[in-house]
Amino acid sequence: MSTINVTIWNEYLHEIRNPKVAEVYPDGIHRAIARGIASEAFEIRTATLAEPEHGLTGDVLRQTDVLIWWGHMAHDRVEDEIVDRVYMRVLEGMGLIVLHSGHCAKIFNRLMGTRTCQLKWREADEKERLWVVDPAHPIAEGIGEYIELPTEEMYGEHFNVPAPDELVFVSWFEGGEVFRSGLTYRRGKGKVFYFRPGHETYPTYYHPDILRVISNAVRWAKPAETANPTYGHAPELLEPVGKNR
Amino acid sequence: MSTINVTIWNEYLHEIRNPKVAEVYPDGIHRAIARGIASEAFEIRTATLAEPEHGLTGDVLRQTDVLIWWGHMAHDRVEDEIVDRVYMRVLEGMGLIVLHSGHCAKIFNRLMGTRTCQLKWREADEKERLWVVDPAHPIAEGIGEYIELPTEEMYGEHFNVPAPDELVFVSWFEGGEVFRSGLTYRRGKGKVFYFRPGHETYPTYYHPDILRVISNAVRWAKPAETANPTYGHAPELLEPVGKNR
Amino acid sequence: MSTINVTIWNEYLHEIRNPKVAEVYPDGIHRAIARGIASEAFEIRTATLAEPEHGLTGDVLRQTDVLIWWGHMAHDRVEDEIVDRVYMRVLEGMGLIVLHSGHCAKIFNRLMGTRTCQLKWREADEKERLWVVDPAHPIAEGIGEYIELPTEEMYGEHFNVPAPDELVFVSWFEGGEVFRSGLTYRRGKGKVFYFRPGHETYPTYYHPDILRVISNAVRWAKPAETANPTYGHAPELLEPVGKNR
Amino acid sequence: MSTINVTIWNEYLHEIRNPKVAEVYPDGIHRAIARGIASEAFEIRTATLAEPEHGLTGDVLRQTDVLIWWGHMAHDRVEDEIVDRVYMRVLEGMGLIVLHSGHCAKIFNRLMGTRTCQLKWREADEKERLWVVDPAHPIAEGIGEYIELPTEEMYGEHFNVPAPDELVFVSWFEGGEVFRSGLTYRRGKGKVFYFRPGHETYPTYYHPDILRVISNAVRWAKPAETANPTYGHAPELLEPVGKNR
């Protein structure tokens, strides 16, 4: 199996501006994830909002098999041109893993076609349990019956996304809500995985099960080497028409 | 059962400009469909591109339970503001039935999140057979095993849409292609049905089975009177948190 | 809209043998549901295990549009011949609503193809909240964001059923589990809805929202009047073969 | 990636009894497939109806990651006990690939919960084209837009299976029918792929694209190493109950 080229994109603002977050992720969420999923099978780079073209140049994207996305407070500052570029690459086959507050990112909204910002949320240090509801799914490989996070931000239904192709995890929250927290979609030739946990003030991206899920999702989302469908005018008939009229 | 308010939107250009089309649909595709699906259960109005706000004012849309959409040569001339308005109404619960070349309409693209313009096509007077693959579906009520159209434009796979929630029809074309030609989706509180047939040069919208499918789809797509989910910050805990830590 | 013929089947043993249950459902769960969903639109009859052929004769089933099923302690006493009969009727188009412990009924197992008995359970007077995750679904019509039951038996994931065609409700339980508690399936021409709540010791089937969901499901599951597909040898060619070889 | 243990099961009767079939598959369909998908990644064995326990002993199945199934004229001669054994292994995680007339096998019927024998068929040397409708799917890796088979048996809709989790291929037949010909399902922890082509009188299992699809499906269907869900009574509360009543 050849190496999978992974790019981890992070808005990288909370960690710089908020000492509480800096304490949890001193080098940024992107680097915490990069270290956490490091493997011989992955060639990992990172990119952030502040870089030219947000670090997502045409070259970088062309060389990316799977893009991981974390954003929160600055969704609007992501340039539409870059969103277009990522969008086209997903439809061409690049995998996309959208984490936590990335539910509100322009790219996720665009791929889903609904107002994906719409969900309930609350910051109250709640316990979260992510129950595996599809134990046959490769994204759940190596995980027990559930993942427990002692404190997390709550996200609650209704989550305004299309019905997923596959539902892998459902979260229970201490305060009384549930959430569909591991969702897969196919868009064009690209695979998309939304994974709920990871508020910036909690050490979620150090949890081995969370990292395992992200690693599994990278493997699942890597491009399939299928032929590119052709589109548009197809003047040639494969079969003769009208013989029996 | 209360009356369903249906608005049939038609670009209405081919019928005016092209005598061949005018011969088939002298009053426009929208009026042919309106007459064809007329029923005591439906209150039908029509709207066209040339009207102010394309006939889709806020008032009209608020009073519309199900919107039927036919467009082809002027997708780009539909104002983004009107597309936004239709989009929001679908997410709020208005049903949307997209016909034939409406696959390329801005509103369909936006709701799907893929480049829905992408498919194969050919005008060669081919026979089409739409096979029912989900005989339990209410949209197929009253239809036999398949609908046969003696001549139609061909649309072929790959059709670049998300996997549908439900697949109701699959088309066979004489020239050698297949197409997923009856597809359902839910987006927010709205139901969406894409139905393939209906090229402007053929009398497809006079065919009783095609009209029956459109009528069925109107009934299926009418809004459910469900409570509106609430979104955003949910400060109140339903259950106390942290007692057992 | 013509009348829908509903048959409510109940094992009817707990209510007779257990005074605690008799207090909650003195006339049996079947009669409580029958009264609770009574409507001009429904013609309702009941049937129980102790009746000849369990009350499900060929005539009764032929006249049944939607069958509601509650069973628990005596799944094994349901005759295979009757299960076969119900199974064939579902494939022909009869709707089936399986309640609570009916997850373990022979008929549900057979239609699902998995070991549907497999789930977690606990009787600990837990609060249950059924969150609506598909607010566009007609089965959720008239329901708010969630239904709250102050005390119920817990059912927890993993629930060993196929991925549903549609997921309408997800339950939160006070003790820490979640459950996919409103699931739709199509089997042949029949529609199947599994709905979780309703342990015999709780007054769940008097709750107006629970009754509303069951009524909605009856309307959703009623047979579509589609043509019967034909199966088997199809000697006749619709099109000539081999002309261009 | 560790080796995948593949067992190819074949009824192996047509090849022995019918000289026309023997000419096409002198060593049996099972050996043709075994040679055709041979790879360092697979450890392949075969099993046939005539062997004791049809070659599917408990030991063999325990050591099988993915089972491929071809049967046609002797479905009834497969012992129920062996069917039970295969069934349990699929629910535990063994992959199952059902080929062509295996649609009517006891094991497929049981896993689907419908009368999967029900479809249309015709032997008229028709051309078949299998169009890829999900170009992102790993089972379509390495395949072009469609696979063309110059002559095959026709299978036509309606195919009485549950709506698949994923639809990968749709077949076009020269004589006028279509068929959903590449379908995925999850049952318990096991993945199931149904693949239509392969009538015994045609050299279909020598076609490189057909073999590529079967190889891809083996990789897709191999067991995920997920924890086994626990089922049944769960007496322990994860969270305290009733504090706030």
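Going in written order, the chains are labelled A, B, C and D, and every chain counts its residues from 1.
In the analysis below, a residue touches a chain if its C-beta (ideal position, glycine included) is under 8 Å from a C-beta of that chain, and two chains touch if they have at least 3 such contacts.
Predicted, not measured: the structure shown is a model, and the values here were computed from it.
Engineer: Which chains, if any, touch chain B and chain C both?
Structural biologist: The shared contacts of chain B and chain C, listed by label, come to A, D.
Engineer: So which has more C-beta pairs touching, A-D or A-C?
Structural biologist: Top pair by contacting C-beta pairs is A-D.
Engineer: Among the chains, which one keeps its Cα centre farthest from the Cα centre of chain C?
Structural biologist: Farthest by centroid: A.
Engineer: Rounded to the nearest whole Å, what is the centre-to-centre distance of chain A and chain D, using the mean of the C-alpha atoms as each centre?
Structural biologist: The computed centroid separation for chain A versus chain D comes out at 31 Å.
Engineer: Nearest whole angstrom, what separates the Cα centre of chain A from the Cα centre of chain C?
Structural biologist: 36
Engineer: Do you know which chain A residues sit against two or more other chains?
Structural biologist: Residue numbers touching two or more other chains: 127, 129, 132, 134-135, 145, 156-158, 163, 165-166, 174, 176-177, 186, 188, 229-230, 238-239.
Engineer: Using the touch rule from the top, collect the residues of chain B that touch chain D in their complex.
Structural biologist: These residues of chain B touch chain D: 129, 131-135, 145, 156-159, 163, 166-167, 170-173, 176-178, 180, 239-240, 243-244.
Engineer: Which of the residues in chain D come into contact with chain A in the complex?
Structural biologist: Chain D residues touching chain A: 1, 93, 127, 129, 132, 134-138, 140-145, 165-166, 174, 186, 188-191, 224-230, 238-239.
Engineer: If we count contacts the way the header does, which residues on chain B are in touch with chain A in the complex?
Structural biologist: Answer in residue numbers: 91, 110-115, 117-122, 124-127, 150, 154, 156-158, 160, 162-163, 165, 174-177, 185-188, 229-235, 237-239, 241-242, 245.
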